[in-house]
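So, here come the structures, one by one.
Both complexes shown next keep subunit A, but they swap its partner, so subunit B is in the first and subunit C is in the second.
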Partner chain A sequence: MRLLIVDDSNMIRSRISRVVQQGGIADLSLVGMARNGAEAVRIARASQPDVVTMDLTMPEMDGVECIEHLLRLNPKLNILVVSALSDKSTAIAALKKGARGFVGKPFSDDELKMALLDVMEAR
Partner chain B sequence: MAAVLPLDPGATAPRPARTGTRAFQFGKYREIIIAVAFFLLFDLGVLVLNFYTSFKIDQDTVAINLAGRQRYVSQRIARTLLELDAARAAGRPMKAETLAELRAGAKIFDLSHEAFKHGATIPGGDGKPVFLDAVTSEQGRALEARVDTLWKPYFQKLQPLLADGFGDQQLADALAYSQASNIALLNVANEFVTETQQIGASRASTLRLVQTGGIVLALLNFAFILFKFLRRLQTSDAAIESANEENREILTSVREGLFLLTPDFRLGSQLSASAHGLFGRQLAAGDNFFTVLQPLVTEKALSDARDYVELLFSAHVKEALVQDINPLSEVELLTHNRLGRESRRYLSFHFNRVQVGGAVRHLLVTVQDITARIELERKLGEERQRSQKEFGMLLKAIDADPALLRQFVGHAETGLLEVNDLLRGTSGTQGEAAILKRLDQAARRVHAIKGDAATLGLDSIAAQAHQFETELARVRQTGGGDIGAALVALPLPLEELLTKIGALKALTGVQRAAAEPAAADAGNAALVRLAQEVAAAGGKKVEPTVRMGAVADLEPEAAGLVREIAVQLLRNALAHGVEPPAERRAAGKPEEGKVEVQLVRGEADWCLSVRDDGGGLSAPRVRQRLLDLRWYTPAQLENFDDRQIVSHIFRPGFSTASDVSLHAGRGVGLDLVQANVQKLGARLTLSSTPGRHTEFKIRFA
Partner chain C sequence: MADNSLHEAELKLFVESVRNYFKTTTHQEPQITSAYLATGDVEGHDFNGVVTFSGSYKGHVTVSMPPQLLRELLLLQKENDLSEGNLLDAVGEIANTLAGNARQGLGAGLDISVPAKLRGHAGLRARVRKHPCVITLRWNHQPALVVVDMERRA
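Up next is the complex of A and B:
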């Protein structure tokens, strides 16, 4: 499966990509990284990801709006929200839009791996 | 964590398990099914036998009928022979129908006879063809053989008569044989009829036997089924009842609120007894969950909860990956306990999917009262804060001048023990006035400790002493006969203060011994710092000057009293004398107030002076305050001059500050000063210029 990482923090992006590439999740390869929602939509058009990790608070286009756009491109997209657990309402809104799961920042490598495996299943 | 929800309901596992269940059910009922099969088999067997035997009995009836016909036909043949012979003797022509009857009789007898011997289809009684079985019984065959020996020659002799144009001799031969053997033939035919009847009768009795046996077997079988089935029903009923009982017990005694939530958000029929208590109202199966929740949570929490529950019912979300955003993981609510008092409680809701096949059929809701946990967390937080403060205080104490600290500890300890004695000496036998006086003394000691602690920057002790003062003030205000009861509450804060002082004492033991008495600079610096702290707390600016070096030359006891006075007067000057910067600016003074504390050794005596360049003592303000405190009536106040009015500032409980704070407002400071002045045998003078300055001078030998 093809993974797109969407997060405005450079640290988080490289952290997730490291977890995915070195942690060796079978069948998952990184196809792109985006710093905000708008960029994510552009990259998704070109690289057709199957799995997306999505931050919620980002400049230009936030996560909730981005989820809507991405699912319009590919309704079968597996979206995992990776965000700080400061506002449960926003997280719930993101899941209502069609994201499949949530991982709170800060997260451990194993937490992220398990969540990715969970989200990749059966869709 | 929890299970994954497949999107395609047909895709996953539970199916084999279900067929397994079905096989198990079949196994459970196997005996009964086999018994029923036997029952049917018996019934079918009896039916088939019945059918077969009935068919046989039909055949037997045919045989009986045909055996009767043989007897009848043999007699007809004999009679037609006689008729033919009579016609011949009379010379009459032979009747055609008599001849035909003879011929038909001979033919039918022979056919029937052959059929009884070998079995064949022959014309029946009504002329229609019927199949006749060969006679198989021993008796039957013997009788048949006898018929055969009689009939064969008879039929031989009848042969010529069967064609037209036979002679008289031939008729005579046949007649002669007929008359000779007719009786024997009739007897045999009779016996044969009897034999066939017996065969039929024995078959009918066999049939009855078979039927009876079959029915008995079937009844036995039925009884077995009934017995077995009832017992099984009883066993499974008992098992169900005991399971139900266990469920009931669990639901009535579990402390969590437990129930299922249907996809239309209604409560399931099984509710744990605790659920009602946790929600603070009686719940009923079928209630809407959010209606029940509404009074307990905020509007926003309610709409979040609705969204969250909907998410759990929708297939695209992973249960394990939404636990963290449960908006009801900590719900604060105000309820009334059984005493009718308001109590704050915290509930935690947990939701688990109940899946059947691929679909989420219910949510299992677990409600827990987590008040104890939350309170523990809060206490831990407070404790952590407190120990941080304590640690900060110890750091400050380490930082403080060792000699000063030692002085403070010694002083504070003596003071507190004094307070202890004062309080212990306060028994109910004394008058209220005496008790109040002792309380005032105690308050002064504690106030002095507070001041000293603040001077050294030991905020934690200062705060605690402040709290103790509050307690003392409360007791003082209680008045009346309840003072004794109110006093009971005091030893605890006193004990706590003593413990803290004890800790500091241990610390002074660890600190490297410093030269006694305290370095003069250290004492001065501590007072400067106190002045700055008090000023900062009051939003004021100050430029303190402290020259107390000479205190080292005093006797330790006097030095302590002088230092206490200095501390109180310094605090007083900053709390009440020095004005806030804006006010000073308006009055054309520099923003920073000047406070001078100095101890000077004169020719004959000592002089401690504390001077500030603040607003000065205002007699009208003191007068107004006295009026507000209702200590005097306006008429009485008329009689005081300004000097007398101002002297009231030394009275216990008097303060012009409107609120009590750590640094002012108790009306204890100047009271303490006066008490110390008395102990020193000193003289206190006060001079003040409104708007310019206030100066306290204490002279003692």
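Up next is the complex of A and C:
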């Protein structure tokens, strides 16, 4: 499966990339990293990911709007929201938009890995 | 009386968020060295992340850290790029995380901005409250502080 990482923080993009690439999640390969929702939509058109990790608070286009755009491109896309907005109402709102999982920041490597595996299996 | 209780609740909320950030990210809790209401400009550190609140609250939270602390945090996450840009990115992300986590205690009506990242240790000036809340801490022998300058909208 093909992974796109969307987050405005370089620290978080690199961290997720390392967890996936060095943690050895089988069948998941990184195809792109985006700094905001608009960039994510452009990259998704070109790279056609199956799985996306999605921040919510970002410049230009935020995560909620980006989820809508990405699901219009591919309704079967597996989206894992990774956000500091870790209250229940935000998680529910993201899931209603079509995300399939939610991980609050700060997160441990194991938490992220388990959530990614769950989202991949939800397909 | 109500105003005083708000100060205490905010302080507890952010103190717990700071503890949780370090505990989850580094497996090492910080030592909270003080929590108080500032009476003047607060002397900060060199790298600062500022998140602005709107909606049910207005104001800002500022995370201020020296470069050595940020380098150690990045190295623990196996990040080798320790450039100034990446240190600023890290302090902005920490401010974003603390502010985002605050919604659990302050309610979904709180909106938070993307973080602004500033270099320079000039005094941090209160913009909303006369006496902003200041939390000072020490992690792995390095000092840091969080300034919570916010108030509930009427």
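What to note about this one:
As a convention for this text, the second predicted complex is superposed on the first by the 118 of 123 C-alpha atoms of A that agree within 3 Å, B and C clash if a C-alpha of one lies under 4 Å from a C-alpha of the other, contacts with A are read in each partner's own complex, and residues count from 1 in each chain.
What we mean here is this: a residue touches a chain if its C-beta (ideal position, glycine included) is under 8 Å from a C-beta of that chain, and two chains touch if they have at least 3 such contacts.
None of these values were measured; they are calculated from a predicted model.
Partners subunit B and subunit C, brought together by superposition on subunit A, fit side by side with no clash. When the two complexes are overlaid on their common chain A, residue A:121 makes contact with subunit B while staying clear of subunit C.
When the shared chain is aligned, subunit B comes close enough to touch A:80, but subunit C does not.
Angle at subunit A (Cα centre) between the Cα centres of subunit B and subunit C in the superposed arrangement: 80°, in steps of 10. Shared-chain residue A:89: touches subunit B and subunit C both. Look at A:72: by the touch rule set out above, it reaches neither subunit B nor subunit C. Of the two partner chains, subunit C is the only one touched by A:11; subunit B is not. Judged by the touch definition given at the top, the superposed model places A:106 against subunit C, while subunit B stays out of reach. By the document's definition of touching, of the two partners only subunit C reaches A:57; subunit B does not. Closest contact between subunit B and subunit C, by C-alpha atoms in the overlaid model: 7 Å. Overlap of the subunit B and subunit C interfaces on subunit A comprises residues 85, 89, 104. Contact residues of subunit A toward subunit C in the complex are 8-12, 14-15, 18, 22, 57-59, 83-87, 89-90, 104-108. Taken in their complex, subunit A has these residues touching subunit B: 80, 85, 88-89, 91-93, 95-96, 98, 100-104, 115, 118-119, 121-123. The part of subunit B that touches subunit A in the complex is made up of residues 4-8, 11, 300, 304, 307-308, 310-311, 316-318, 320-322, 324-327. Taken together, the subunit C residues at the contact with subunit A in this complex read 20-21, 24-25, 74, 77-79, 81, 85-86, 89-90, 92-93, 96-101, 103-104, 107-108, 112-114.
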